[in-house]
Amino acid sequence: MSWARALAAIVWKDLRLEWRTGEAVLTPALLALLLLLVIVFALPPAAARLEGVFTASLWTAVFFAGTVGLGRSFARERAEGRLWGLLLAPVDRSAIFLAKGLSAFLFLAMVALVTMPAFFAVFGQRLEAPLWLWTATVGLVLLAYSGVGTLVSAVAAQLRAGDVLYPVLLFPLLVPVVLAAVHLTDALLETGGWGTARSWVHLLIMYNLLFWGVPYLIFEYVVEV
Amino acid sequence: MPTTRPKKTAAVLLAIAAPAVVFAMYMALIWAPDERTLGTVQRIFYIHVGSAWNAYLAFLIVFVTSIGYLLRRRPALDAVAASAAEIGILFTTLTLATGSFWARAVWNVWWTWDPRLTTTLIMWFMYIAYLLVRAAAEGEERRGRLAAVFGIAAFATVPLVHFSATWWRGMHPNIVQFQGGTPRMNMDPEMIVTMLVAVAALTLVNAALLAYRVDLEHLSRRVALLRERVRLEVES
Amino acid sequence: MHVDLRAVTRRVDGRRLLDAVTLSVEPGQTLLLCGPNGAGKSTLLKVMAGLLPPTGGEILYDGRPASRWGPALRRRLGVVLHETLLYDELTVVDNLVFAARLFGVPDARRRAEGMVDAAGLRLVAREPAGRLSRGMKQRLALVRALLHRPSVLLLDEPYAGLDARWSAWLTDLLAAERARGTSVILVAHEWRTAWPVADRAAVLLRGRLARLLDTAAWDPDRFGGEYGRLLHPERPQAAGPSGAAVGATAAVLSAGAPEGESGP
């Protein structure tokens, strides 16, 4: 019970901070939209209509923009000994990981909510699949992203030049998620359902279990200062 | 810190590994029969498979010693993890290089974005990132702890990366195929023997390299410790 | 709460930061912990707070090893570190509300507002904490540690940044805590400010406990002389009638310049 209350307190605090700084939603969302512009200008006009270009552009932008906010997740806690403040809370320390992961997920979801319609509009892409299926797919992808992103953020925050290293450490681990996102998006756009790409959903679920479960178990070691 | 014993282990391993590699090369390059369609180029396959197996083995060692380090906090376990990661990268590089030569001869390209190739490349990046974590961490204790966390996460991803590749059809040949649950090798028995010998010989090389590298790691830590002691001595 | 340290040791990368520190604090007692920079004072405090694991020995709270207490122990500890633990972008009140919720304090907002008044921060209550002066931040950090009514206080340089008026406020506050039966471990580089509130004083040198004494039996000047001798054993020892005064000067000198953040 006190565990859940501490978890909620950290999420509340992160949302409050976001409201005041805009670091985790506003900046990444802006970056994603700028990337959209760059991609559209960089592509030859005919290429934008090609199959797969929309999917590639969308996820490249979302994954890259996401690192800006996620990387700060723990970097911000390092200053002024704030992480110590969290570690002093009278609850199991797994609550800290879950709370930081949960707020990371909320921020990514907001970034996606703001930027994805713009991608559909600019590429003239129509969504054939039912909206709930699309939401579930994007949700699974972002959940996996925030789990691994939070773990790597906690590691990178303790390294020299960790904010520079962050994407380099994160992306190799993130590849299965990127692949799943791309394959499922293509399937949704072409057939309106998961169809034969269903196995990627299983992979995403596995990945989520892994990257929410393992850090949950070893987080005590990760933050031991 | 033990300094003489590992040196001996390494020397003994090397003494076994060296003739084993020569013998494996003889089998691979001369003794084994030519492949029917690919011809003599196929012989690179023995080194390729041996390297790939040893890359996986080395990363498995990183994984196991990382878990051990988090639980036990023995610097020796961290030294093994650090060494095995470098050796794993070496074997992954060999795998990629030999694969690339083979691809040039058979597919007429140096590289293709086949799933198996792509995932191997990703694995390579993953352990480069592991070495980056080690390089960027300050303090032996912290370096060991953060590297162990990353080493565990990285290896957990390896099977996912690998299986995601099999779901998306590639052109990389699959030697072992499953028919009704039982594995079957699409190979001549002599080729199978050669492959096994090559794998065994390279595993011995792996072990010898690991012993030498761990020894080196201990030495370099001792140097760091002595240097620190001298610094304190000079300051006070 | 009884606090017992038994041969607490912490080694990192082959260096001994804490070397078999053994001491105990009774409920309602205040222990003043002093020593030069790098003596291990802050490390000891962090080990006691469970922020750093000891590599040897154990810490008992009410006779029970800290490792067996689990997270619930941290509800009984109030900690002030050298760092403020504050979020610069959050307001003063929000910082306290967050801390109160983290510790599961019932009616968090009312408690937070009450603490704002206690620390004399009413006028800046809705300001971001980052805009506060050093002294105000220190007060905020202090009341943050008291939100959940802990029974052990671990304070690292609590007087840092406070002027004469607020130093007196802190002294009163510590006296009230003592009356409540709180055990206090107080780290102070500038030990003279904290001397009046302490029951016992300990000197830490290179991770070792060099001296542990009752403040009632020592006047500050005599302690200053002793402290100076501990810090600089090679200096000619001042003996005779002027010993105390010379020792006191030595102690003032060896206490070093205030680090820009202490003093009025």
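Labels for the chains are A, B and C, by order of writing; each one numbers its residues from 1.
Quick note on the criterion: a contact is a pair of C-beta atoms (placed from the backbone, for glycine too) under 8 Å apart; a residue touches a chain by one contact, two chains touch by 3 or more.
Predicted model, so just to flag it, every value in this text is computed and none were measured.
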item: Chain nearest the overall Cα centroid; value: A
item: Distance-maximising chain from chain B - centres being C-alpha averages; value: C
item: Centre-of-Cα separation between chain C and chain B, whole angstrom; value: 51
item: Chain A-chain B separation of Cα centroids, rounded to whole Å; value: 31
item: Distance from the mean Cα position of chain C to that of chain A, given in whole angstrom; value: 40
item: Junction residues of chain A, two or more chains touched; value: 224
item: Where chain B touches two or more other chains, by residue; value: none
item: Residues of chain A that touch chain C when the two form their complex; value: 2, 5-6, 8-10, 12-13, 16-17, 20-21, 80-82, 84-93, 224-225
item: Chain A to chain B touching residues, read off their complex; value: 148, 151-152, 155, 158-162, 165, 168-169, 171-173, 175-176, 179-180, 183, 199-200, 203, 206-207, 210-211, 214, 218, 221-222, 224
item: Interfacial residue positions of chain C with respect to chain A in the complex; value: 46, 49-53, 71-75, 77, 79, 81-90, 94, 98-99, 101-104, 128
item: Contact footprint of chain A on chain B as seen in their complex; value: 70, 119, 122-123, 125-126, 129, 132-133, 136-138, 142, 145-146, 148-150, 152-154, 156-157, 160-161, 163-164, 167-168
item: Residues on chain C engaged by chain B in the complex (per definition of touch); value: 12-15
